[in-house]
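By written order: A, B, C and D. Residues from 1 in each chain.
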C-alpha cells in the first residue's frame, strides 16, 4: 500500500455543546483508494465528512491530511491543503454558468492554470464541456453531481470527499454515477465516499467502514464487507433494494 | 422641579408603554416586524386634533374616530404588504410611516410645520376638575398628575386585556404563527387574518398613545411622529423583553428613567450635543441588548425567533 | 446573465417559454421609461423634460452608487443595513474633516472614501460578525442596524453639529448645453457617477474577486467549502460598500450643494427602492434601480411640487415591494 | 357524513413552472380512499412541488386537484387543511418555542376560542372545546410515546421525537388524508419502523388515507398499497408495488435493470 493520504484518530465532533454525533471515529485512506463509509441513518456519516472539511469543529481526536494536522482549520484553509468536498445538496452555484462554477473551484490554487484544469475536467466529464456556458441551475440531478465533483477536483485535491453522490438519483442512473466515481478514481484521485446505497458502493470500493452511533463498528475490504451477512443484518437493511 | 420632572417622565413611559404594547403584540407574539407604529400614532393624534379644531367634534368622539382611522390604516398596510417577507415588510411599514409624516408636513389640511393647536379644551376642564380633587389630598400643585393618572390607567387596563387575550386559544394561534407560519397554516389557521388582526389592534393602541401624546404636547407637529419614535418603542421592547407584556412595563419605566435621567447631569455639552447624546444612548441600547440579551430582561429566549 | 438554455434530454426541468419571461421585465422597464419620457415631452415640452431628465441622471448617479453596497450587503449577508444612509453622510463629513485638516478637496474626498470603507469594515468586525456567530435572527439584526444608524447619525451630529454645511467647492459656475443648464459640479457628479457605475459593473462581471462575490451571494456554504476565503469576501464587500457609499454621499453633497447629517436617513428609503427595483443582491440592478428612482423623482417635479420628491421615493418603494418584490433583474426563487 | 365512493384525491393535468422551468409538467393520478400510497421518483421529479400544490403552498399554473370531489387547486393552505388534508414537511417543522401540548392543541379543529368575536361572546364554549382537545391530545401523545414530554418546549425534543410530534400534530386535526414528505429521513431504522407501524394502525383504526414521499425502495415495496412514480414532472406509472417493479416504463426511467444502458 502506498502512503496514507487521510488519517483520523478517535475523532469526536458534534454541532451543539452537549451532544456528540461522532464518538471516536478512526479511519485511514491510502493513496489511490476508494474508501466508502456506510451505516444507518444518524450514524454520523455526513458529520464525519463535515468534520474533515472543517464545517464542524472537532472536539477531540486528530485529523491528518498527508501527515499534517488540519483539525480546527477553516474550510478554505483545508481546501488549500488538498481536501476536496462535494456536499450532498445544493452543491453547485445555480446562478452561474458551468465554466464559472469551475473557475470558482480553482480559486484555492490559481497557479495550476485555469485552461489546463478546465480541459482536464471537460475530458473527464465531456457532458460539462458541451454545456460550459449553461447556467448550473438548469442542470439535471446527475449533471449537477458531475459539476460538483469537477468543481471540487479543479484544485487537484489529494483526496475527494463525496457525500452520498447517488442520493435522489433515479436508480437507473445510480450505476452510471458509480461508474463516473470509478473513472475519477482511475484518473488518479483518492476518494472517500459516504453512501446510503451500501451494497453497490462497497462493491466498487477498495475498503469500507461501517459506522454506528458515531463509532467504528466494522471495517474490511469493500466487496467482502458488502457480503458479510452480519454487517448486512445489523446495519445495512435493504441490501437487495 | 424634581417631582414634576419625574411625573413627566412617568407620562412618557406610560404613553410609550401603550405604543409598545402594539409592537409586542406584533413583533413579540406573532413575529411581525411592524416599524410603522409612529405612522399609526400620527394618524390617531392628527385625527383627534383636526376633528376637534376644524370640525368641532367632542374630544372623546374624536378619540374614537382616531382609533378607527388608525385601524383602517393598519388594515390598509396589512392587506397590501403582509405577504412580503419579514424584512421587506419592515421596510414597507417604515415607508408608510414616512409617507404619513410627509403628508402631514406638506399638505394643506394638516397645518404643515405650524401644526394643530387648541384641541384640548375638554381635557383641560377634566384635568382642572381632577386637580381640584387632588388638591384635597395635597397634590393640587402637580399639574401633569391628572394626565399621568389617565395614561397609566389606560396603559394598565389595556395591558390586562392583552395579557388575558394572549392566554386564550387566539393567543396560541399568534404564537404558532410566530414560530412557523407555514406549519401553522398547514394546520388550518388563516395566518393572514390573524396577522391583520394583530396589526389592526397594534394600530389602535398606537392611536390611543397618539391621543395622549396630543394631550401631552398641547400642539401637534409632524416631527413628533418621526420613525425614530418607533425605534424608541423597540428599544423599550428589547430592554423589557420579547413575548412578555410585563416586559413592556419594565422596559418603559427603565428606558425613560435612564433616558430622561441623563438630563439631571450637569455637563459641559451644548444643548444640541445633549440631544444627540440621548439618541446615541438609545442606539447603544439597541446594539448592546440585541447582542448580549436579545430576549430582554423579562423575555424568554426560547420564544424569541423571527424567521425571514 | 441570460445563459443559453438548451433543453437537455435528461433535464428534469424543461425550459418553458424559452427566455421570454426573463427578458420581458428589463424590456418592459425600458419601454415604460421611453413612453413616460414621450408623454412628459408632450405635456411639458422638450426643454423642461430634458432638464428634469438630466437632473434625474445626476440623482440616479448617487442613488445608484449608494444602493450597490446596500444591495450587496442585503444579498450576501441577508442584512438590512439600516445604517447605510449614514455611511453616505460619513463620506461627506469625512471630506469636511480632511479639508479642515488642510488637504486639497479632491484628496480629502479620496481620504474620506477610504476612511468610510474602514468604518464599514469596522462595523462588520465590531457589530455584525459577532452577531452572526451568535446566530442572531432577523429582528435582532434589524434592531442592531437601527441602533448602529442612530449611533452613527447622532455621533456625526454630536461632533459636527446639525447646521447646514457645504464642501466648500465652487457652486456658482455652470454649463449650458442647448436648453439644459447644469452646474459644473453637477456635471462632474453625473460623469463620475456613470463612470464608476460602469467600472463596478465590469469588475463584478470579470474580475476574480467579483466572481467570488457572486458565488458567495449565490451559495454561501458552498463558497466556503469550495475554498473561498469567505471572511475576506465579506470584508471586501463591506469595504466596497463603504467606499461607494462615501462616493455617493460626496456626489450628493457636490450636486445638491448643502447638507446636514440627516441627509442619509432621508435618502435611505430611496436607496432601498433602488435596491428592491434592481433585485436584491444584484449590483447591476442596484445601479439601474438608482437611475430609475432618480429619474422618477425628478420627473415627478414636473407634475408635483418638488417638496414631494422624497415621498415619490417612498411610494415607489412600496409599489415595487408589492408588485415586483424580486425586482427587475432578480429571479423568483423557488420555495424550498 | 357517509364517505362517498371514488378516490379521495384526483389530480388531473397539474402544471407548475418556476422561472420558466417546469417542475410539474402535467401530472395526473388518483389516491384511493383509505390507502397507503407512495410517491416516488428521482430528485427534481417534482414530488415536493406536487405536495405543495396539493396542500395549497403553491398554485398550479394549470390542471385540477379534487379533494373528495371538490376542486382545491389554488385554495389557501388553511382552507385545504380544514377540508381534511394535512401535510408534514421534509424538514420537520415543530413550533419550537411552544410546549409539546400547545403544538397539539394548536392543531385542534373547531376551537371557537381562536376567533376574537366567539371568544368574547361565549367564553364557555371555548373552555369546553379546550378541555376536549386536551383529552384527545393526551391520547395521541401517549400513542406516540410523547406523553412525558407534554410540558417541554418542542425545541427541546430530539430529531426523532420531533418527527413523531409532527405526525401526531397532523393527526390531531382529524384529517381524512395525511401527506408525509419523507417520514423516514433522518430517523433511525427502529423509529422508522415504529412510524410505519403507527401509520398502518391508524389506517386500520380510522380509515385515514396516507400519501408519502420516500426514497427507500424497501419501505415503498413492503408498506405501500399503491405506488405513483414521477419523473420529469410527469406521472409515468401507478400501480401496486409488484406491478411497478415489472413496469417497463418505470424500469426504463427510474429503477433501471442491473445493467442499465447509458443514455
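Keep this in mind: contacts are C-beta pairs under 8 Å (C-beta built on N, C-alpha and C of every residue); 3 or more make two chains touch, one makes a residue touch a chain.
As the structure is a computational prediction, the values presented were derived from the model and not from experiment.
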Chains touching both chain C and chain D: A, B
By mean Cα position, the chain sitting nearest the middle: C
By count of C-beta pairs in contact, the leading pair of chains: B-C
Inter-centroid spacing, chain D versus chain B (mean Cα positions, whole Å): 43
Computed distance of Cα centres, chain C from chain B, in Å: 32
Rounded Å distance between chain A and chain B, as computed from the means of their C-alpha atoms: 55
Interchain centroid distance [CA atoms averaged], chain A/chain C, Å: 41
Multi-partner residues of chain D (each touching 2 or more other chains): 21, 42-44, 57, 231
Residues within chain C bordering two or more other chains: 5, 10-13, 15, 331
Interface hub residues of chain A, defined as touching at least two other chains: 138, 140-141
In the complex, chain C residues that touch chain B: 78, 80, 127, 130-131, 134, 136-144, 146-155, 157-158, 161-162, 269, 272, 276, 305, 307-308, 310-311, 314-315, 317-318, 321-322, 325
Chain B - residues contacting chain C, complex: 27, 33, 80-81, 84-88, 90-92, 94-96, 98-99, 102-103, 106, 228, 231, 234-235, 238, 242, 272-273, 276-277, 279-280, 282-287, 289-291, 294, 304-308
Residue numbers on chain C that touch chain A, as the complex places them: 1, 3-6, 8, 10-13, 15, 208, 211-212, 214-215, 218-219, 221-231, 331
Interface residues, chain B side, partner chain D - complex: 165, 168-170, 172-173, 175-176, 178-180, 182-192, 197, 243, 300, 302-305
Chain D residues touching chain B - in the complex, by the definition given at the top: 55-57, 76-78, 81-82, 86-87, 89, 93-98, 102, 105-107, 109, 111, 113-116, 119, 126, 129-130, 153, 155, 169-170, 173
